[in-house]
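Here it is: the structure, laid out below.
For clarity, chains are labelled A, B, C, D, E and F in written order, and residue numbers in each chain start from 1.
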Amino acid sequence: MKIAVCIYEGPYNHEASDSAYNFIKAAIDKGHEIQGIFFYHDGVYNVTKLMEPPQDDRHIANRWSELGAKGIDIVVCIAAAKRRGIVDDVLVPNVRISGLGQLTMMAIQADRMVVFGD
Amino acid sequence: MKIAVCIYEGPYNHEASDSAYNFIKAAIDKGHEIQGIFFYHDGVYNVTKLMEPPQDDRHIANRWSELGAKGIDIVVCIAAAKRRGIVDDVLVPNVRISGLGQLTMMAIQADRMVVFGD
Amino acid sequence: MLHTVNKSPFQNNALTDCSRYVQAGDVVLLLEDGVFAAQAGTTQSALLEKMMEQVTIYALSADLKARAIKALVAGVQVTDYAGFVELVEQHKIHSWL
Amino acid sequence: MLHTVNKSPFQNNALTDCSRYVQAGDVVLLLEDGVFAAQAGTTQSALLEKMMEQVTIYALSADLKARAIKALVAGVQVTDYAGFVELVEQHKIHSWL
Amino acid sequence: MAEEVKKIMFTVRKPPHGSIYVYEGLEVKLIMAAYDADISVVFMDDGVFAVKRGQDTKELGIKGFEATYGALVDYEIQKVFVDRQSMESRGMTEEDLVIIGEDEDTEEPIRPQVVDASEIAAMMAEQHNILSF
Amino acid sequence: MAEEVKKIMFTVRKPPHGSIYVYEGLEVKLIMAAYDADISVVFMDDGVFAVKRGQDTKELGIKGFEATYGALVDYEIQKVFVDRQSMESRGMTEEDLVIIGEDEDTEEPIRPQVVDASEIAAMMAEQHNILSF
């Protein structure tokens, strides 16, 4: 089944990012195709390479980047990113900035769209 | 009267940043001394110079920077900032990154501490 | 004490929670989504009326206007940011986030 | 339909709101702070019991454990992320953010 | 196999201005309207405040977006619903709702359609995907 | 003029783990304890869940912080209160509360002190400043 995931909240601040990650890992384990991951609202903060969490904590941006390296399309909304200061220069590898049209395509093409937010 | 202000939420996403700004402007107009402004939790996102809101919208980071230029001490919590990717390189002028000790001093020294958050 | 409440009472219990801890003579300022509590004729109006037996309620004008709230529960005072500052001058403050 | 609820029912009305829109046979998954609703013997237990007349309630184990919730309202099913995925396979989904 | 047009619903449950969700959610609706999808929008719970007439954000100093709702029909977003109980419990009547466009023939103003929760539940069950804002 | 020691209160009203406020708020308390201030901490409303014993965040994959509460007395944060009604309405008893340290002389475990809302209100009124988390 094609599953798309939408994430609305920033890393560490809200559990949405962790719930989404755990859900996606489980979906991959079950053999599903992740149609795409779309970061909207404060979700755009998830993929800045400037974050430096404490050594004993998870590195949320790197986690997303690793999923991107496996071929999952990870998209950051350009409009939401611009007003929040997330630009190409600060992105971790394997994620891209694009428009809301990408979210639209995911909503239409994916069999399921799961939204994680506050 | 010495007034300190604490801001917990990011710009644009939550009204806390706007409420705090409007409150501080009114306090200055009334002749109060702003002891300091402390950004904690997602509040640290308020002062990134990388933000680029639409032309017809307010530029939240520049607004804070202008208050800093007037001599108000604007402090970003280092622990909260590090895990969220807010580093010296991306700060607007006239704000500084420092520790929670600064928040402590504000809470002790200010006659009033007003918290804006979610 | 000045208590600030910024949550819609239709979605969040912050105002109800606050009402358990106020003392007679305290002041409550509704701001941001908290001003939805000030609208007359809703299922939450009674909560505010009950609270006003003990405390004075203010609502922030900028937030009322942004939300098109015109008819207020009787007794609610409207104030602006300058009035907010005056309330802070007069009282210690707790934010019911 | 699968309905996900991630808010504490003691602070936020999301679960009550959700209960107005469910259809018989629907499934509700409690996750994040939503799992506080699953604890037995609270002022919110009755809400869940009432909902279970119509729908099946699941609660996410990782969130239950993180919050030290051990005694559950009778009838609540515990599931993990793999089970969450299975519920998504079986149902269209709406998140009650 | 012919491509079937997918039903996509937007639910709006948060109030406006206290957070950006309603505003950024509106941006998604306007974009998605340009695509080949069967879109509906439901204002429910505190989301009904988003479609209350007479919002004025000048004193607050932030951008308002009530006027954009007036163009929903022009954007071909015609299926706009409001939950009756949410509206009534918040002291609102149909007359308080924004106008989302006008009828091409009669030029009569069009308002969101007030429906019951059970109708919304039935519509939800028919959707391909639902996005909440 | 002699410097008077200022009373600073922390109120914790949010539940743990769903958001970072409780955790980052705990970091503030530990820092502030090193300064010359009269600190008190009140767990009320959903904040009482923060001091429930037996939290295990391993499956969730995030850092837990229940153990840190066990060191509050060591950090000289002794004035720790829990609102009785908040606790009871959430199905918790005093035995469910974390231990925040032990008595120096008797080595008896110390738990947060359960108080009524009216006592909390009275304490609030005496503070120099209150920070909410």
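The working rule: a residue touches a chain if its C-beta (ideal position, glycine included) is under 8 Å from a C-beta of that chain, and two chains touch if they have at least 3 such contacts.
All of these numbers come straight from a predicted model, not from anything done at the bench.
Common neighbours of chain A and chain E under the contact rule above are B, D.
Both chain B and chain E are touched by A, C.
Chain A and chain B touch with mostly matching residues; of the residue numbers seen at this interface, over half occur in both copies.
Look at the CA centroids: the one farthest from the centroid of chain D belongs to B. Relative to the C-alpha centre of chain F, the farthest chain centre belongs to E. Chain D and chain E have CA centres that are 27 Å apart. Centre-to-centre separation of chain A and chain D, using mean CA positions: 24 Å.
Counting partners per residue, chain E has 14, 17-20, 45, 60-62, 128-130, 132 as the residues that reach two or more other chains.
For chain D, residues that reach two or more other chains under the stated contact definition are 6, 10-11, 13, 32-33, 62, 80, 92-93, 95, 97.
Shared contact sites, meaning residues of chain A that touch two or more other chains, fall at 8, 12-13, 15, 22, 41, 57, 112-113, 115, 117-118. Chain pairs that touch, as defined above: A-B, A-D, A-E, A-F, B-C, B-E, B-F, C-D, C-E, C-F, D-E, D-F. Residues of chain D that touch chain A in their complex: 6, 31-33, 62, 80-82, 84-86, 88-89, 92-93, 95, 97.
Residues of chain A that touch chain E in their complex: 4, 6, 8, 40-41, 79-80, 99-101, 103-105, 107-108, 110, 112-113, 115, 117. The part of chain A that touches chain D in the complex is made up of residues 1, 3, 8, 15-16, 19, 22-23, 25-27, 29-30, 32, 112-118. On the chain A side of its complex with chain B, the touching residues are 10-13, 41-42, 45, 48-54, 57, 61, 82-87, 90. Against chain F, the residues of chain A that register as touching in their complex are 12-15, 18, 21-22, 56-58, 118.
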